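Each chain gets a letter, A, B, C, D and E, in the order it is written, and its residues are counted from 1.
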Amino acid sequence: MYIVNGLKNTLIITVFAALLGIALGFVLAIIRSSHDKSDKPGIVLRILNFIAKVYLTVIRGTPVLVQVMIWYFGVFTSPNTVKIMVIILAFGINSGAYVAETVRSGIMSLDIGQTEAGRSLGLNFFQTMTNIIMPQAFKNVLPALGNEFITLLKETSICGYVGMMDLTKAGDIIRSQTYDQMMPLLGVAVIYLVIVMILVWLLGKLERRLRSGERRS
Amino acid sequence: ACGSEPKSDAAAGSSSSEASGAVTGMDDLPGKKIGVQTGTTGDIYATDYEGDEAGTVVERYNKGVDAVMSLKQGKIDCVIIDNEPAKVFVSENDDLKILDEPFAEEEYAICVDKSNSELKDKINQALTDLKADGTLDEIIGHWIGDSADQKSYESAADADHSNGTLVMATNAEFPPYESLDGENVVGIDADIARAIADKLGMDLRIDNMEFDSIIMAVTSGKADIGVAGMTVTEDRLENVDFTDTYAKAKQVIIVKK
Amino acid sequence: MIAVSDLKKAFGNHVVLDGITTEIRKGEVVVIIGPSGSGKSTFLRSLNLLERPTGGHIYFEGVDITDPKTDINLHRQKMGMVFQQFNLFPHMTVMKNITLAPVKCGKMSQQEADHKALELLERVGLPEKADSYPDMLSGGQKQRVAIARALAMGPDVMLFDEPTSALDPEMVGEVLAIMKELARSGMTMAVVTHEMGFAREVGTRVLFINDGNIQEENTPQEFFSNPKHPRLKEFLSKVLA
Amino acid sequence: MYIVNGLKNTLIITVFAALLGIALGFVLAIIRSSHDKSDKPGIVLRILNFIAKVYLTVIRGTPVLVQVMIWYFGVFTSPNTVKIMVIILAFGINSGAYVAETVRSGIMSLDIGQTEAGRSLGLNFFQTMTNIIMPQAFKNVLPALGNEFITLLKETSICGYVGMMDLTKAGDIIRSQTYDQMMPLLGVAVIYLVIVMILVWLLGKLERRLRSGERRS
Amino acid sequence: MIAVSDLKKAFGNHVVLDGITTEIRKGEVVVIIGPSGSGKSTFLRSLNLLERPTGGHIYFEGVDITDPKTDINLHRQKMGMVFQQFNLFPHMTVMKNITLAPVKCGKMSQQEADHKALELLERVGLPEKADSYPDMLSGGQKQRVAIARALAMGPDVMLFDEPTSALDPEMVGEVLAIMKELARSGMTMAVVTHEMGFAREVGTRVLFINDGNIQEENTPQEFFSNPKHPRLKEFLSKVLA
């Protein structure tokens, strides 16, 4: 069934691109927020911050379709490239830009005292980030990250442009075969809705678990 | 699905008709709302009417099926579309009909990258052979006409595929030229490409993608040929090469009864 | 133990510390007072480089820690710091808060750290809160945990920045009690506070910081009974009113 | 020129849909956060909150393409509907769902003391919201709203499905006419990038102006 | 002026106020003290329905404001409230903070309100800060603006919830001074505070709230020199230490 295959690809792309996006996003967010929070950023940090800003502007400023096309037809031109890998890479890099700004807002909203407490105990920058800042920032921006993943899920629908069959494409194929305008479209919409509802539910559970130590206020 | 000669000069027939009346032929088009599918030959020729003094509007839809829905709801006056899908739309919708007068005739060709004239020549040779030995007509006969049995062309059992793989880019949403049957792309274009590959002693691999990506696949080297009911135009020749034509088709006008 | 020489700190054009020179000797309890915004916190935070000085030197156990080549993390491990706002890690249990640094810095195994943490919780009177999260504790309890956390690294000196200012009046006493006990056990301490009683009772020396300088420095006795600088006189009159 | 026309449509749709989205989003955010912040929400509030939640789930859960299609082919079937109005409506309603959650996070991050101060002065709920809560929430979430508008701008590219010519579509038309694949795509991408950069610049200016009274920390 | 009868408030199962009955008469300065978490704030906030009581009645100038049919906004306009955290509106100038409510509630034109605001800023000693934003003020200044803001509505009673707890020690005095002046001018006041000096000096009555009830209620004189309830004795011993 087209739908099953398409759904499988949609899920694979979304999940791996999301993971890549989170990894990239966290790194970028750390760079950007370290820069913004420091009085007098060093030269290395300033260069990194500049690169990060260009990345954010270009990636968020151009249509993801164009990015996917450039990666697939412009960069990985070898006929042997594994299509799904390129797509995951393109979406991961795209998503990373959005995740970065989201996570940055989570980091910026944390009290600077958290970092200071970590550093004052003798933890280095990296230990402080991974043990203290990131877990809290992640928890704080989980709802916004949810938004981002929902967007990502639906954005993967453009991968038909590089010949990948995803859920939307599966619907299009059925539309072209049956000449039925609405039904395949609605069917696909319902599947997206179900995925989103599962995702929202999972995120809600995760959020509650992460917040278990918190006082209800 | 995409561009040769309109049957009559588009701009010339634009004087007489009444903007509000029904479309009964090409002469009625000026002043109407015309629906087309983006990038089809119908789109390209309808564009000649756009912005004329009669106020013709061309609405370009990503999918033909959506243009047809707009027509059914009366949001547009007619749809110009390839003959084959048009037949299916009309058979499934009692309130639609195809005008007898075709809008344009067109001929399909295979596109190859400009740097690859060696391949183009080989394909032209193969096409000439296939036309000569009747394979081409036989393939088309399996998919179009009264005797269509939707049977795919099969390579001969002893076919030689030692010259590597020929990669074909297409958009399998355009039956009977190409559509999906399970995992496989089937249809006239697929069969012809396979027949050509056999002639070249190559394996065929079909990569199904969005129509808008096919040229890019060919120019970037991801695919060797693009076969998707493409029509040759001057503008397009600036950017890609086309082989000789392999099939004839026409664009027709659908209207509400 | 800590020698400060001509320490300067400016934020942009705003000079906060304007060449401070002083020393904190082993076993001393130095109390720092001064008006709001006078730079008390900045001074204390400079001692473990939470603020990077813009001039001068700080020597900790003989090493110039303001030298960029010094590994400041190593030195910070020997200086415990307690903040006004506690700054406990809200996503970790009390136990985890205390053991995180010793384990991550490779000073102890998790078992050793757990063991030490329980000992310290005993010492601050909270053995039963090991598995609670910070948000479930009262302010006084939070600050006691923060003290235990700082002590877990076995520091040579403890820095306190207004440890009781964010506390309910009834809880101030319990935190001061722990601090007194710590002072009596011989810990070297630098304490910014508005608790004049504490300064009088356990301080070995009191500094008055104002206008970027130490304007007066004396034993508690002399400091309170016989202030010399007019700004200090005014300050004491307002605060002791 | 296709590009000029397409750009015009893209801008019109984006601007009006964004305005509609903000209006809807604020209303929804007020409902959701009033509900979440109150101990014992009344029955009316609970019903409104339920409706808001369904709206958020369905709208965020289904592809915007499907929503546009349903509005255009399913709801406004009359031949006289003005296409661009329907598209603006569809995108506005879609965007409203995302704006709502963004604004809600801005409201939730405000100290409850702000509301209490307003109410204790005798201002009613509505006055407190419009004079005290909304201006601050808006300022806080401006960067996230920026994200949302960038997404909206690029999402309007699907209106080719209902036969509307926007910027992306204009590029597609040129591509299909010339078979020149990269140039129109890159050209369109550059235009999007320029719009995004202008938008980011404007938002940055606005944010700085709104923050003028704030202490730099 | 305010009569409270059998006031109850529970958060879920957690009963905070368990049937409080008392009265605040015109011109009185009632000081409320008690341990942290005992419900002092809840009591004060119930008086203008920032917390909805779960039982009992509150009569303000004879009207039962706990009756759902009462327009509480009208009554709140006659009760000024000052919070521990100031709660100034950070996006508005001091002037706008003060004039917002009088203008929006239709009590005054913008001109009248501006005029009155300047008068009040004079009274709290901050006429030059009219066009500053709250973030540019010190804590003491913020709280004085907050008092001016509450006074701008011309309230009949002022409610203060620990107005000096978030202040630096040097600034406590300036806010207490304004409050004393207000009390002397005859304003009816209810004040939750830990400033025992204030209670002694200007309070007409002191309430000790604990375990959801008023456990002791007396003139300041008697209250401090002769506490009766054991919990109050313990409390006073810790806080006055």
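The working rule: a contact is a pair of C-beta atoms (placed from the backbone, for glycine too) under 8 Å apart; a residue touches a chain by one contact, two chains touch by 3 or more.
The structure presented is a predicted model; accordingly, all values stated were derived computationally and were not measured.
Work out which chains are contact partners of both chain A and chain D.
B
Let me check something: if the centre of a chain is the mean of its CA atoms, which chain is farthest from chain E?
B
Measure off the straight-line distance from the CA centroid of chain A to the CA centroid of chain E, and report it in whole Å.
So the centre of chain A lies 49 Å away from the centre of chain E.
Between chain B and chain D, what's the gap in Å when you average each chain's C-alpha atoms?
39
Rounded to the nearest whole Å, what is the centre-to-centre distance of chain B and chain C, using the mean of the C-alpha atoms as each centre?
From the centre of chain B to the centre of chain C is 79 Å.
Mark out which residues of chain A touch at least two other chains, giving numbers and ranges.
69, 73-74, 181
Indicate the residues of chain C shared as contacts by at least two other chains.
none
Quick one: which residues in chain B touch 2 or more of the other chains?
63, 66, 69, 212, 216, 219
For this entry, which pairs of chains touch?
Final set of chain pairs in contact is A-B, A-C, A-D, B-D, C-E, D-E.
Considering only the defined contacts, which chain B positions touch chain D in the complex?
So the residues of chain B in touch with chain D come to 2, 35, 38-40, 43-44, 47, 59-63, 66-67, 69-70, 73-76, 111, 212, 215-216, 219, 233, 235-236, 238-240.
Using the touch definition from the top, list the residues of chain E that touch chain C in their complex.
35-37, 138-139, 168-171, 173, 194, 197, 235, 238-239, 241
Within the complex, which stretch of chain A touches chain C?
Those residues of chain A that touch chain C are 39, 111, 113-114, 116-124, 127, 131-132, 135-136, 139, 210, 212-215.
Which chain A residues qualify as touching chain D in the complex?
On the chain A side, the touching residues are 57-58, 60-66, 69, 73-74, 98, 101-102, 105, 109, 143-144, 147, 150-151, 154, 157, 168, 181-182, 185-186, 188-190, 192-193, 195-197, 200.
Show which residues of chain C lie in contact with chain A when the two form their complex.
11, 45, 48, 50, 73-77, 79-81, 83, 85, 87-93, 100-101, 104-105, 133-136, 149-150, 153
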